[in-house]
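One structure, pasted below without further comment.
Chain lettering (A, B, C, D and E) follows the sequence in which the chains are written, and residue indices restart at 1 in each chain.
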Amino acid sequence: MRSYAFFALKRLIQLAVVVFAGTSAAFLVAHFSPISPVETIIGRVSGQSSFSPAAIESLRATLTELFGFDEPLWQQYLNFWSRFIRGDLGPSLIAFPTPAMELVMRALPWTVGLLTVAIVLAWLLGNILGGLAGYYQNSRLLKGFGVIAIGIQPIPYYITAFLMVVLFGYIWPVMPISGGFAMEIRPAWTLDFILTVLWHALLPAASLVLAGIGTWFLGMRALVSNIVTEDYVTYAELAGVRRGTIVGGYVIRNALVPQLTALAMALGGIFSGTIITEQVFSYPGLGTLLIRAVNGGDSGLVLAVSCVAVIAVAAAIFVIDLLHPLLDPRVKVG
Amino acid sequence: MSALLEVDAVSKSFPMGGLLSREQIEAVVDIDVTLLQDRPEIFTIVGESGSGKTTLARLILGLETPTRGEIRHLGQPVGAGRFGAQRHAFMSAVQPVFQNPFEAFNPLKRVDRYLASTARAFRSLTRRAEIEAAMDAALVDVGLSLEEIRGRYPHELSGGQLQRAAIARALVCEARILIADEPVSMVDASLRMAIVNLLRRLRDDKGVTVIYITHDLATAYYISDRIMIMQKGRVVETGPARRVLNAPQHPYSRLLKASVLSAADAGQGNLAPAQDLFEASQEALEVARDSRMIDLGEGHSVRRAG
Amino acid sequence: AIGQEEGAAPPITEFPRDQTLILQNPEPPATNPPNFNIWVAGNGAGWSTGLHQLVMDTLWFIDPDEGLDGPLYNQLAAETWQYNDDFTEMTVDLREGIYWSDGEEFTAEDVVFTVETQMETPGMTWSAAFSDVVETVEAVDDYTVRFTLQEPNSRFHALFSVRWNGAWIMPEHVFSEVEDVMAFQFNPPVGLGPYTLHSFDPNGYWYAWEKREDWDRTALAEWGEPGPQYVIYRSIPTPDNRLIEMANGNLDVIHDLTPEATFSIIEDRETARGWFPGFPYAHPDPTLPMVIFNTQRAPFDDRRVRWALALMLDARAISMASYRGAATLSAIAMPPTGTHPDDYHAPMQDWLIDYELDLGNGETIQPYDPSIGSQIAEMVRPQFGEDVPTEEAAIQRAFGFGWWRQDLEAAATLLEAAGFTEGRGGWMTPEGEPFEFEVNTFTDGVINRMGTMIAQQWTQAGIEVTPVADPQIFASTLPLGDYDVATAWSIETWGGDPDLSYFLDSWHSDFVVEPGERQPARNWQRWSSPALDGIIEEVRTTEFTDPRNLELGRDFVRLMVDEMPVIPMMAYNVFSVYDTEYWEGFPTAEERPYANIVNNWANSKYIFTQLRPAGQTEGD
Amino acid sequence: MTGPILTVEGLKAYYQICQFGQHLEVRAVDDISLQIERGEVYGIAGESSSGKTSLIKVLAAATRPPLRVVGGSARYDFGGKGIDPTTASEAEIRAIRWRHLSYIMQGSMSVLNPVRRIERTFRDFAQRPLGLSGAAYRDRIEEHLDHLRLPKSVLRAYPHELSGGMRQRVTIGLATVCRPDFMIADEPTTALDVVVQKDVLSLLRTVQQDMGASIIFVTHDMSVHANMADRIGIIYAGRLVEEGPTRTLFTRSRHPYTAHLVASLPVIGDTRPRPALEGRPPSLANPPRGCRFHPRCPLAIERCAREVPPLEAVGQRHRSACWRAEDVRPLLIPGETGQTAMVQA
Amino acid sequence: MLTTIRDLFRYNIEFRIGSILVTVIVLYSGLSFFSPYAPEQIYVVIPDQPPSLTYWFGTNSRGQDLFWNLSFAFRNTLVFGLIVAVLSRVISIVVGMTAGYMGGMTDRVLMFFNDIFVALPIFPILILFYFVLRNDLDTYTLALIMACLGWAFDARLIRSVALGLRHREFTRQATFAGMGPVRIMVEEHLPYVMPIIFSTAMANMIWSIGFEVTLGVLGFTNLNIPTIGTTLYWANSHSAMLVGTWWWIMIPVILIILTFLGLFLLAVSINEHIDPRSRLRRMGGAE
């Protein structure tokens, strides 16, 4: 047990260093962006009414000072870290002075909720079907599914999502195609609200599942078709062990470790999926926030979103590393 | 008579668990072996599973560094520097032969490339013809020829051929010492003799010293000059093979010998375990810490308490 | 009517479809949805979420179209602005009997507070605008405000005159209680408009507003009772989803669609229509998409080069490529929208027809072609048939009054006069290098298509031109002068008034900066001319409503034709589509062009007073 | 309950491969007939790749493509219920597995699911055929482990936490816990050290005797056969070349291949040189005509290359397939040091 | 080599279909060199024509002949995907195999960097590059950037295989045959890693093309370069699906599916071929 604790500690330090490096990269990225939040705001304020050039100049000076852009970069970097340590990621610049973290936290549950459910669902379905397909290699149904999976896999996610919208929103309009919940229903922990959230999440989730399932299916099928040739599987079959037990406890269970690692990465890398999902389904979440932040040159917000991303992936790696010895009894701690 | 290889009070322990953990496995404890230069021999190591035979072989090959003690080849410490020139010289003289002939060759690659590579690396041969000549010579030594091997994949050769090719590879660089870790345990009865006979011939004809690690006491008796019996990392008995095996002194050696199934009483179903010897050897193991080797003469020594 | 206070029991309300108007908010979802403090620059509050259309109010509105009774509305002000003779003082009489949505009365104190607070607080939206101009502001009595200005300024009222947006009045009784005005979220907002916040999406995708019970105590009541009980603004970033939502009856007004999608929904859906009843459907904004030359860079500092490039263009192809023919062309630097066709385009038609261009080698040509509009109408007729107007007047309104005729020979002559030579591989600069440049354009939409087509035409005429889709065109490219040629606009007008101050003042040579420095909005072409300065300076001393302004405007137009620092192309036509299944009474081009249908403008509030549930108008 | 428990007649099982347009048959089991009595331990010996495992697979009803039974039959007789593993349906086979027929597979490390504790594996394998549950089941398992001299704690262990000997015992435990009538064991002791090997074998033998079960087991270690088997069958290149009681085979072999196997066995205390068999094992895809051993046989005559020798009785329960069965003499008689009898050419 | 391909082609139906598909797609993208229209030209043909004998793939709302336009798009996208896949494979092979083979400190250091790369927020970085480079962000530069960001996870996979190989006997045999670490990694271990490389290369191509499409659809890409991403971008900004010009979207999608189907089949058959044992199993013969 002590050695496990020590192992966990080492991993934790590694986690911290990865977060540090990733966040620093994010900081640089955010700060080398050529888009200036000051100009974004000025554009917005002055673009639509008659502002004199002089007024614009003084607004520019005010905002530059307000955002701390008059300080040198290294100073800003130090400031960032001293704040970061205190758990503060600083203000958003296009929603000044609201803390960037507040905006992130508002969007995060939606992204995490939708994507976690969708990715886990895709993972489960893909792995179960892939496991079955790897095991029952002669099943026509599963073979057919394999062909479909190979076909779906390369379709860009945007298309999958978009076709869903066209199909269930336009041609056969049965599903809501935008928003996270119905307008009539106020957000609260009521049954109605939960139902409407689920109803609205159905289509985006289905599109994500559809997009992800092929990859998991194929990966699992490949893994399993190696595992079925293992002696312990053959042996269990010869012992007349129940099929279900063999597929679940012998075949899929042994293929699980690499698939779990990949799942962690997929969960950590939630962001690439979220942007398109939110775009296509007008779904709330971090993706829109990130695009807004990038477009507005809001380095504070880009940084906050990126930090969440970095921490998510690093934490996912961390958790998987911690789980690995527990999942695979052969792995030695150390 | 100068020493070819000296294993000088070598111990190896592996940590268990994490870095903080104090637990250690003593895989090899205080082993002394000396092989002489002008007396090629087959030196056999036997012992139960996990008694440290493989670890000792790896130590000698310089694949592990001893926790204590030193191993010298021709007076030079072994295992200094991973890719240095000294290591290179060492490798050209001390070569391993592996347990499973099918595993020892990459199943996706042709067999002859290992021989060619050895010739190029340790014999400093560059011309194709020279290399092939060296390969062929080594293969002929083991009863094969380059013609049989050339361009073949491992699965296209029989286990016996492969194991011979593996030995030939070790011979290409004119190795003086072969370290064969259970070279016949994966090989069937009819091939087994072919390999064992080959080892014997190499000693006799080519003056190669063989460190032969095995579970099979019968083949040990059949070919070896000296034997060393190990139990849980320690040597319990060592000496001239026949003398030791004819009259083992240590309880564990006796247990080993008693456990050898013999065809002599074929059909009698003589499988009764030697319970008394087993217990005696367990007792000997318990006091191993406070024991030492007692010389019985003619190089035969045995571990005794006290 | 409740805001989003924490802890309030969540009532499950519904929005009866026949009492609810649903509009598209073209802004992306608000960055900071619960923030309604519109007076703080860049705090992430949404603007056209209904906030500035339904809740905010200020002194005057100037409509880009005809208006209910004229484009100028006295909103919170009882009458128009009153300046003293040297424009150093402006006095405003306020309406009486106007109440904030929380029941407080609106008084001059609110106006004074608005101006003073913002002057004191840098970082607020109109802070700089006020502190640069205003000396003092005082409430003469409860219903009179007097501004004393630092310098003479004949356009000070413009800050309080909404074309799209303006300085909104703050509720003094709310904000005076607030410690940090900048951080104050103003949730729920207290406003002078006839609606209050009902509920909103915490993620900023939609905002629902409910009609005030005391809507008649607001300034808008002057023009009638707003029809819808509920108004919902929805942010729908993808054009396809807008179309789908309207097709499914979940959206009454779309701010903007692609031309193709517009044609498709109008064909498919009985009740959907655009500004024009038929082709080209789109509403022309008082914004003028154009080719902008960076006149600080050679050879675009040469008028002859600019004119040559203009003559290389085929407006018909550009119209077809950008708007599928649905463009309202304008050869002059004035958007053909609102009252401008009557003020400028029609009266100046003859001048344009007669306009002679000196080619530099003694020859002159008359480049203007008044028949371009009808030519385009003929081109689209096979596809749209009867929807395409046939009378000349209608064609002029829809397709424009005409444009420059493509004349490659004349262009060549001009280029040669400017020292260019035509080689085998195309045009060479006077320095002997290939004439090549980039055209920065939008990343999508009609302006992108226009820019791509223009670049292509120049390429075909022997210049190596690459279009660049540039997402930062307004944010950095144009202000920094980091471009050769761009397609965007530097001219935006009131639309409902011939006065040009809306954009023209910023064109004064005083504001033109050195290359590499940041040019203040809107003289993106960095063009300066003594003649122009003369016009601007005279505008500054002419009262807004003075007819002299129209003359000055026409002078400006003539100067622009001569100098061609930008090539005006067309109106910025917005494919707003509205659906009359649930609501009727929207402004239309043919019958009642009383307001800009583009619903993110604060001016669109007047539409609500005209809306009635569908079917009821006949019934009554 | 009389008569053989297993009767194999003319069994042929080939690996049939058809790919790249080429058809190929590996005749791994070629016309094998044998009978196994109740309570008998039948050993099968033979070179590597001679088809031992293939035969075992057929008998264990574990034939999977490309291995196909192409002829002959096998028949188990479990208390009147006859069943042919080569033709029986999946359901019929399942019904007898582990209750009547169990299998100890080659390789002890790889036959246990590495991520399942031994306890779970036991439950997977044994609970259903035993038809027990709860305490009764637990008692039965623990009693059985006791019998195998395994501590109860192994139940909580993962396979990799056990030593090779322990694992092999667990495998034997798995195969015997349901007290089957017939057990099939493929090289159950290969790669164990001699002490452990003997231990495991004696265990297997004890269990077998307790239960009165029959065992068919494969190994190429002749000394194991000598001590385990009641009867031994020798397979060479897919064919049964000799069969007889253990003692007979070791002392009076009537087949040159068997004679060679016995002779090559080194013995402690005996230093006489042991000859190795020359030549390569034959390819089963393209086996030699006639007697398959003839290319390597010191006794081969011209007839051997032409005609396949039938497996004929040469003594009591002793059959041999050699044209010159009469001429075969043991090369070395184990245990009888110094006595040499060379093969007459 | 040639005979191998011929055999594969003759006897392996997967290889046959796969190579035909891939060849057709490659030839098709090669046709772009003979296109009568430059890819950035618009309104050169009648817009919105459905697929017909004149316009095989139809024409789009920008007045481009999709047959020719998509040939450019496919060329660019395939080249892009290949560059990313190849470069990132190179990095992940080097890192993964070195870490796996060398073990110890090297392993730890490499995996540490690996974890950082896994954790980097790719999307903001890509967008930043887009904003900084803008029109200089051509296919190759983007591919380079993507390759630098897309290797880390696969390096982990490769490492885990290499770790297993490190303790195989033939590795030691190779060491004592005087092969250096590089040779061992390249000659001994690489073939084992090959199936992973193939499958991850495919996944990587799908990933990078998916990213290209994402960036394209969002407009964060050089829109002058015809790629699948920009094709979808333009289709999107002309509401292609809703106004009925479905071919603008569906044809590229079908082509992508066919491409990857072809690649997938090729990978499957080549993987099988790399292992001489399975080749033998197919051809027949003793093991």
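Brief remarks follow.
FYI, a residue touches a chain if its C-beta (ideal position, glycine included) is under 8 Å from a C-beta of that chain, and two chains touch if they have at least 3 such contacts.
Chain by chain, the UniProt names read as follows: A, E = Peptide/nickel transport system permease protein; B, D = Peptide/nickel transport system ATP-binding protein.
In this text the structure is predicted, and so the values were computed from the model without any measurement.
Traced through touching neighbours, the fewest hops from chain A to chain D number 1. No other pair of chains has as many C-beta pairs in contact as A-C.
Distance from the chain A centre to the chain E centre is 23 Å, each centre being the mean of its Cα atoms. Taking each chain's centre as the mean of its C-alpha atoms, chain C lies 46 Å from chain E.
A separation of 90 Å divides the Cα centre of chain B from that of chain C.
Separation between the centroids of chain D and chain E, computed from CA atoms only, is 51 Å. Residue positions of chain A touching 2 or more other chains, listed in rising order: 34-35, 162, 166, 170, 279, 291.
Multi-chain contact residues, meaning those touching two or more other chains, occur in chain C at positions 238, 240, 244, 471-472. Across the assembly, chain B contributes no residue that touches 2 or more other chains. The touching residues of chain D, when paired with chain B in their complex, are 45, 47-49, 163-165, 190-199, 201-202, 205, 220-230, 245-251, 260-262, 264-269, 271, 273-277, 280-281, 334-335.
For chain B in complex with chain E, the touching residues are 61, 63, 83, 88, 91, 95-96, 98-100, 103-109, 113-115, 117-118, 120-122, 153, 155-156, 166, 169-170, 173.
The residues of chain B lying in touch with chain D in their complex are 47-50, 158-159, 161, 185-194, 196-197, 215-219, 221-222, 242, 245-246, 255-257, 259-273, 278. Considering their complex, residues 230-232, 234-242, 245, 249-250, 253-254, 327-330 of chain A touch chain D. Across the complex, chain A meets chain C through its residues 34-37, 39-59, 62-63, 66, 92-98, 103, 106-107, 110, 162, 165-166, 169-170, 173, 177-180, 183-188, 190, 192-193, 279-280, 282, 284-285, 288-289, 291-292, 295-297, 301.
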